[in-house]
Amino acid sequence: MDPILLVLATLDGIAYAALVFLVAVGLTLIFGVMRILNVAHGGFYAIGAYAAASLVLSVSGADLNPWLTFPALLVAAGAVGAVLGLVIERGLLRHIYAKEEVLQLLVTFAAFMILEDVQRLVWGVQPYAATDPVRLLGTVEVMGIPYNAYQIILLPAIALLVLVGLRWFLRHTLSGKVITAVTEDRETAITVGIDARRVFTITFVIGAVLASLGGALASPTTAIQLGLGAEMIVLSFAVVATAGLGQVEGAALAALLIGLGRSFAVYLVPELDVLIPYMIMVLVLLVRPQGLFAVAEKRRI
Amino acid sequence: MRFVRFLPAVLVLAVALLPLAVPWLKIILTVALAKGLAVLGVVVLLRAGQVSFGHAMFFAASAYSAAFLMQGFGGMDLAVLLLAGMLCSGAMGAVIGLFVVRYRYIFFGMLNLAFSMVLYALLEKMFHVTGGSDGMAVGRPTYFGFELERTAFETALFYSSLVLAGAACWCVHRFLRSPLGEALSAIRTNETRLEYLGISARRVLLIAYVLSAALAGLGGAVIAVNQGVVTPDLGYWIRSGEFVFIAILGGAGNVLGAFAGALVYELVRFYAAAMAADVWQMILGFVLLGIILFASRGFVGLYQDLVAVAAPDRPGREREPKR
Amino acid sequence: MSAILLEARNLCISFGGVQAADGIDLDVRDGERLAIIGPNGAGKTTFLNICTGYLTPAAGSVRFRGRDITALAPRAITRMGIARAFQSPQLFHEQCVIDNLLLAAAARERAWNPFRPLRERPERDEMVTLLELFGLAEHAASMVDELPEGTRKLIDIAVALALRPQLLLMDEPTSGVSSLEKFRIMDLLVNALAVQGVTSVFVEHDMEMVERYADRVAVWSSGRIQSVGPPDQVLTDPAVMRDVIGV
């Protein structure tokens, strides 16, 4: 393989992994605490992307300081994630915690279908592109190859920040410790007086914000169009399943593995690029059905 | 109120006679029957408590196999297309099944979705083989050796689908009551005990999975011939979601409910989708939520309640399992 | 002395640092009723889990009629003739009692005709007779989850017996049953075992039960078999009384 392509594929892979990680980590965090796989997560991602693109475009069009597009990305992500997360957790999931696993899965799937049409209604069918933030940051040279700084510096930096921040939050703050306690042993946590409802709400909103942050950060480099959410939910599920459901740090490594796998495929076997993430997942699951970093549990009989 | 108990028979008769009165309806009804077959496949898996978010892949695989056969041989008989479609999707079900039956619930549902996304992407990308998003044309096959005119063929296809649907219903109904079918629902209630009876839960689920893939395949072959064109959309996740939706609408786990659900769905869609194209999925989503939260037994549950009201001394034949 | 049916040698397994089995040697003889007693959490249930393939031991082996079954899955071991009843009953709670039994009978007969209903199986009469042995015939059509825990435990045992095993492993068969009822139920159970000629192993906490119904008793303590023998010898051993019974 041409060394230039090698470098390019690596850089693409890292940038891509950073985005996928943001979505996947929220998915895995929510699963760890609530034992629900939130299919609507794909909708949070897509709406985060649309909202960010709209806000960035209006900032760019309003003759303001173009650097304001960066806070615009964050504001869009935070607002979308907080509102959608609260509405769906309080309005919907709260009623189904006692139901069968299949029904919980169906409920989040229904929410996902609804969010798909929300996108269609609000933003229509034409694709959006809001590339200002990428242009502003310019390019850097990596081993002699120019590459845009947005994807290779900003995205990985934010992903790392989220990873480190999340670790710190889970280990050193009261809310975080409570979340960890519920993840590890829900029954005990509830018997010692932890308010599971509040923990669920906090976790779900954090997860939702991370998903829409992923979408918002993807908007400057991706064409935002319908169907984005479905791709992302399946891909981030692949990451989460590869790492093992509920594994936060594992999700980062799995995202990198799958991101690099995919970007190398784009250069080497372009017809198969969509297949590679799933092939990695299937191979991992065949060897370790519980994922790379999770410990298999056996039911007590 | 005693007529309520004959409602299913009346409905079947109505469906069979409707195209005589309203000829143009038969295409829509054939679509409904084809989807009903795929929904029946989803229903089989729901018996085991498993939901597949990717069953449209078998629908699409079979539809494309019909298209390839028609193109490759410059014409083919309907019987061959249906059989080949079932075999093709059944074989694909066996291969994918070997992997997915190791998982339950979330993993089962999502792995199916993942596989269907891969198939969809391949159908769209392999432009030179599959025609990409434009798809492939499917000509009119011969009907058991006869060359039929368009309308005659459509009528023949509709009644054939009706017969196939009836046969599939009977087979699945018997299957679900056989030891295998009972073992299948035991996967939902207690897999540990199943293993301790010496029964392999994976093998039972695999058999059900292949059956359900073949049913979806039968539906896919019908729809390919009925539409005269196949596109990757046949395998898109929205289609899979539709199947799951109809299965829940009809009454999760019920054989006749699959077709009742599919007919209602397709008729409503025909009239409403034009008016509400932009919010169609949103409506589906809200109805799905409504059913799950307030009427988890779907149409069949409503019907059983009606029967119970009409004849309190003779409760519905099937007991609704407790959740 | 009768032939050895099940032979466990040097079984070792630990969970999170606790040695549940630490070199267990134990034989089950053909035709006997062997009780296993010992303190809570000593690893008695673990023994049943290993013998039925639910857990794989870190070391050691289990042989059944001379064949090594250590690495086999529960379903394979079940098919060889070892059935199991559980401490908390494992039943198909959305099916009625007779269907639970018929599915076991169908599994035993490998009857997988996909078009023949389970309810029309020829083993129906046999299963009703089995229920009668336990005095449960009236519950044949009841849904499992409508029955009290004690009854469900008996059905759990009946399901295991429907497999016509050579060896039945039970985990506290009368826990959850009132102390007034337990002797009646144990009498029924022992009778059913005798009718079918089934060898049995049961984990038990109740010394009265052990004294009355076991041919031999094994004392399991700290992952080891402390002593094995007839109940009247073992239960009067001062060391056993001190360590296990706590007198």
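Per-chain numbering from 1; labels A, B and C assigned in written order.
Assume a residue touches a chain if its C-beta (ideal position, glycine included) is under 8 Å from a C-beta of that chain, and two chains touch if they have at least 3 such contacts.
Bear in mind the structure is a predicted one, so any value in this text is a computation, not a measurement.
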{"item": "Chain whose average C-alpha position is farthest from chain C's own", "value": "A"}
{"item": "Most centrally placed chain, judged by C-alpha centres", "value": "B"}
{"item": "Length of the line joining the C-alpha centres of chain A and chain B, rounded to whole Å", "value": "32"}
{"item": "Chain centre separation (chain B, chain C; CA means) in Å", "value": "43"}
{"item": "Averaged-CA centre spacing for the pair chain C and chain A, given as whole angstrom", "value": "49"}
{"item": "Sites on chain B at which at least two other chains make contact", "value": "192"}
{"item": "Multi-partner residues of chain A (each touching 2 or more other chains)", "value": "301"}
{"item": "Residues of chain C engaged with two or more neighbouring chains", "value": "90"}
{"item": "Touching residues (chain side chain B, partner chain A) in the complex", "value": "46, 49-51, 53, 99, 102-103, 105-107, 109-111, 113-115, 117-118, 121-122, 125-126, 192, 237, 241, 244, 248, 278-282, 284-286, 288-289, 292-293, 296, 323"}
{"item": "Contact footprint of chain B on chain C as seen in their complex", "value": "52, 73-76, 78-79, 83-84, 90-95, 99, 102-104, 106-108, 111-119, 121, 143, 145, 159-160, 163"}
{"item": "Touching residues (chain side chain A, partner chain B) in the complex", "value": "31, 37, 92, 95-96, 99-103, 105-107, 109-114, 116-118, 120-121, 230-231, 234, 237-238, 241, 245, 271, 274-275, 278, 281-282, 285-286, 289, 299, 301"}
{"item": "In the complex, chain B residues that touch chain C", "value": "171, 174-175, 177-183, 185-186, 188-190, 192-193, 195-200, 319, 321-322"}
